Amino acid sequence: MSRAKKNNVLPGFGLTCGYTLTYLGLVVLIPLATLFLRTASLTWEQFWTTVTGDRALFAYKLTIGASMIAALVNAVFGLLTAWVLVRYRFPGRGILDALVDLPFALPTAVAGISLCALYAPGGWVGALLQRFGVQAAYAPLGIVIAMVFVSLPFVVRTVQPVLADLDQEVEEAAASLGARRWQTLRRVVFPAVLPSLLTGLALAFGRSLGEFGSIVFISGNMPGRTEIASLLILTRLEEFDYAGATAIAVVMLGLSFAMIFVINVLQAWSRRGAD
Amino acid sequence: MRWGLTGAAVAFLGLMLILPLVVVFATAFSKGWSGFSAGLADSDSFAAVKLTLIAAVISVPLNIIFGLAAAWAIAKFEFRGKSLLITVIDLPFSVSPIIAGMLFVLLFGAQGWLGDWLAARNMRIIFAVPGIVLATVFVTVPFVARELIPLMQAQGREEEEAALSLGAGGWQAFFRVTIPNIKWALVYGVILCNARALGEFGAVSVVSGHIQGVTNTMPLQIEVLYNEYKFVPAFAMASLLVLMALLTLVLKHWIEWRSARSLAQIGSGPDRAIAPPR
Amino acid sequence: MSIEIQRVTKVFGGFKALDGINLTVPSGELVALLGPSGSGKTTLLRVIAGLESADEGAVLFDGEDATQRHVRERGVGFVFQHYALFKHMTVFENVAFGLRVRPRRLRPRKAEIADRVTRLLKLVQLEHLGNRRPAQLSGGQRQRVALARALAVEPKVLLLDEPFGALDARVRQELRTWLRRLHDEIHVTSVFVTHDQEEALEVADRVVVMNAGRIEQLGTPEDVFHRPANEFVMHFLGNVNVFHGRVEGGKAMFGDLYVEHPVAAGRPGAAGDEPKDAKVFIRPHEWDISAHRNGRPAMEAVVTHVNAAGPVVKLWLLSESGEPVHAELPLDHYRALELRSGQRVFLSPRQVKVFFD
């Protein structure tokens, strides 16, 4: 790090870098290290039985499955939304564009109670669904709905700038070479947005994995039916079963870190495509 | 085709984003203005608002200073391990809020590493205000830094070098040149950080202990009210947070609009011929 | 103030940006650092300014060692390639910045600052634009604000990094003339970096030609153009025809042509010595062109293409031996010769430069 200083006349490297590392160490790294040290106090067998218990296995499956469905829903509708917002002009477009960020700004608990009120059997949408024999709240479907809500902005916001930058001339060139509209979309537009679409998909999936606040109200939290991993961790903690909570948390954290890696790779890919 | 797609997108956003907002206000005002204000007039609710503000007032400035320091080190200097550092700064975004809260229980809780030490000194962090502040700080660490780092990297260090070559000191360069150049990104990061600080639920829920009037923040108080089937007060308080969220969005888009406009100005000046000096 | 650079070396990673540079800039001179990108010219300028510290060697101002002095204390005015104007300040505030950040006891009074800034804005002919923001100015205007800002602190040395690099051709030409006149007016020791040989030759008192972290030649514009020290300088300062030939007995031979090339005894290729392979360089404007042999040694060639748009006519030819040749001649000569494409002509060099392989 001394080299950084030598090649640069700007002051403050030692101060800011030192402060950054100390702060991150105290607030982020030491607490995270505690989690892994706690796990290390379990024997391998204890750890394995905890993380592969029936209830835990079901919670992972539900969390991962619902997150995947939510991410796919957002991939489809996010791409559609991004396309419409970039390519078409219609009254209210500006407001809709701004509203896409709502899930970033709205507290998850508020989203949770509001979605629950909407999709509960007596709610505005819930009553409608019930007529078709579909139960949303207090069922896995509710979990998916909450996840779609919280991860909605990711696909839109990663695809939107790419679509906006996409040179219309390229499409015109494709058309001038005899491509039909659908061929142009499939062979020219789609490959260009694919890296960002996958990045958005991965971000949405990662966000849904850890979501808690908006789900806890709508899911009903029935073990073996609608209990997600985050909730199981909380339950274990409230039972003062720290070992159990820690083991499951380590599994979920490992999954999150794997997603960071995947997202970094995808982002490197989309940057390469952009150059 | 065009109207079909637009219709589908509008329907999706309407169902997923607008309808939930409408429900909040519809329920909050379902018993009229008096029901709404009565829902907020309770002393526990007042305490919740106060605690939420305290958590934000402490965590937001801490993360502003952190964000400025981290962005200065990362954007203005070259050193090894920089991209790893950026990843670590973003880590709290990837940690599930429940796990985030749990980290502090493992450190400071009754059975935590420092539990006995704290108990011997009669200090409480978990199930008390410090724990709530800590959890809030953790989940809001990246907001300011991640707005500033890419911007300051793109700006480079020429302007600061120019300031120094003109005789300015380090702090003068920072306050007179750097800060004005990043002020909108800073404001942007701060409002997002603030929105999260006010609205954090999962992490705070783990460390709070849900003591009404003492360790309940607004989102936790909403949960309590909702679970007690006090829908009007729950949604009344939720509507305050919705207003905060909408204000955040308005500010965010105003800032984006501003910076887009100032970008459009650059390079628009005509190159006019000049005469040699007399 | 004079600048003296002693054995300055600077390494980035494994790359030697400056390799033992020695250079003296006398007080009041306007010097150009000329070289291709990566030659180390900008690094040298930044080392002089104190924006970059040398790994080895020393920088002296008026004989005083300034190597350890911070950029803040060196009293240099630095004009950045992309101007580095403070975007959020007006033109006036930009120029006043260096005065306003001075410690209170050294800071001029408000009225004095205003007065000095106004004078500087007048000097750079922007007195009417004091309230504009940099974004509202043209490139040439921004460049002049940057210059006024650097001059405001009354620097002993003015350093300019590619001062005209980001401007379009016409504005560039005007600013060049203007900078030269400005320097004649204020006479501050100035160093500017450029990759444009025309710019360096036109503006500077002396030119430092750099390549790969070293100085290839130092001299007046006339020196470096007419008496290049080596092949690199020859190539870098404009178009040139290169022929592979040899020097033998005081003559340089290439193609079917030879010219007198007296070599002092004892130097390679001197009379009576072994023939020595060499490269022969002839600038396009150094050819005499005639339609018939006139007794002088000449190279036979066919005109392949003519561009007569301008006061100097450019000719592309193909020599008897199949080598492409580039020549330039004044328009009236061209008209007198009545040259056309496909015509056979005879080329005699007026002047050649020979460098041994």
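A few notes on this one:
Order of writing sets the chain letters: A, B and C. Residues in each chain are counted from 1.
FYI, a contact is a pair of C-beta atoms (placed from the backbone, for glycine too) under 8 Å apart; a residue touches a chain by one contact, two chains touch by 3 or more.
Since this is a predicted model, take the numbers as computed values, not measurements.
Should one ask which of A-C and A-B has more C-beta pairs in contact, the pair is A-B. Overall, the chain located most centrally, as judged by its C-alpha mean against the mean of all protein C-alpha atoms, is B. Averaged C-alpha coordinates put the centre of chain B at 53 Å from the centre of chain C. In terms of their C-alpha centroids, the spacing between chain A and chain C amounts to 56 Å. Put simply, the C-alpha centre of chain A and that of chain B have 17 angstrom between them. Across the assembly, chain A contributes 7, 9 as residues in contact with two or more other chains. Touching two or more other chains at once are residues 161, 164 of chain B. Residue positions of chain C touching 2 or more other chains, listed in rising order: 50-51, 70-71. Contacts from chain C toward chain B in the complex involve residues 49-51, 70-72, 76-78, 80, 82, 84-89, 97-98, 101-102, 123, 125, 135-141, 144, 149-150, 152-153, 167-168, 170-171, 174-175, 177-178, 181-182, 185.
Listed in rising order, the residues of chain A touching chain C in the complex are 6-7, 9. Listing the residues of chain B that touch chain A in their complex gives 2, 5-6, 8-10, 12-13, 15-21, 23-24, 27, 65-66, 68-70, 72-74, 76-80, 85, 87-92, 94-99, 102-107, 111, 113, 134, 137-138, 141, 157, 160-161, 164, 170, 173-174, 192, 195, 198-202, 205-206, 218-220, 222-223, 226, 231, 234-235, 238, 241-242, 244-246, 248-250, 252-253. Against chain B, the residues of chain A that register as touching in their complex are 1, 3-5, 7-13, 15-17, 19-21, 23-24, 27-32, 34-35, 38, 77, 80-81, 83-85, 88, 90, 92, 96, 98-118, 123-125, 148-149, 152, 206, 209-213, 217, 229-231, 233-234, 237, 240, 242, 245-246, 249, 252-253, 256-257, 259-260, 264. Residue ranges of chain B in contact with chain C, taken from their complex: 158-159, 161-169, 172, 176-177, 180-181, 262, 265-277.
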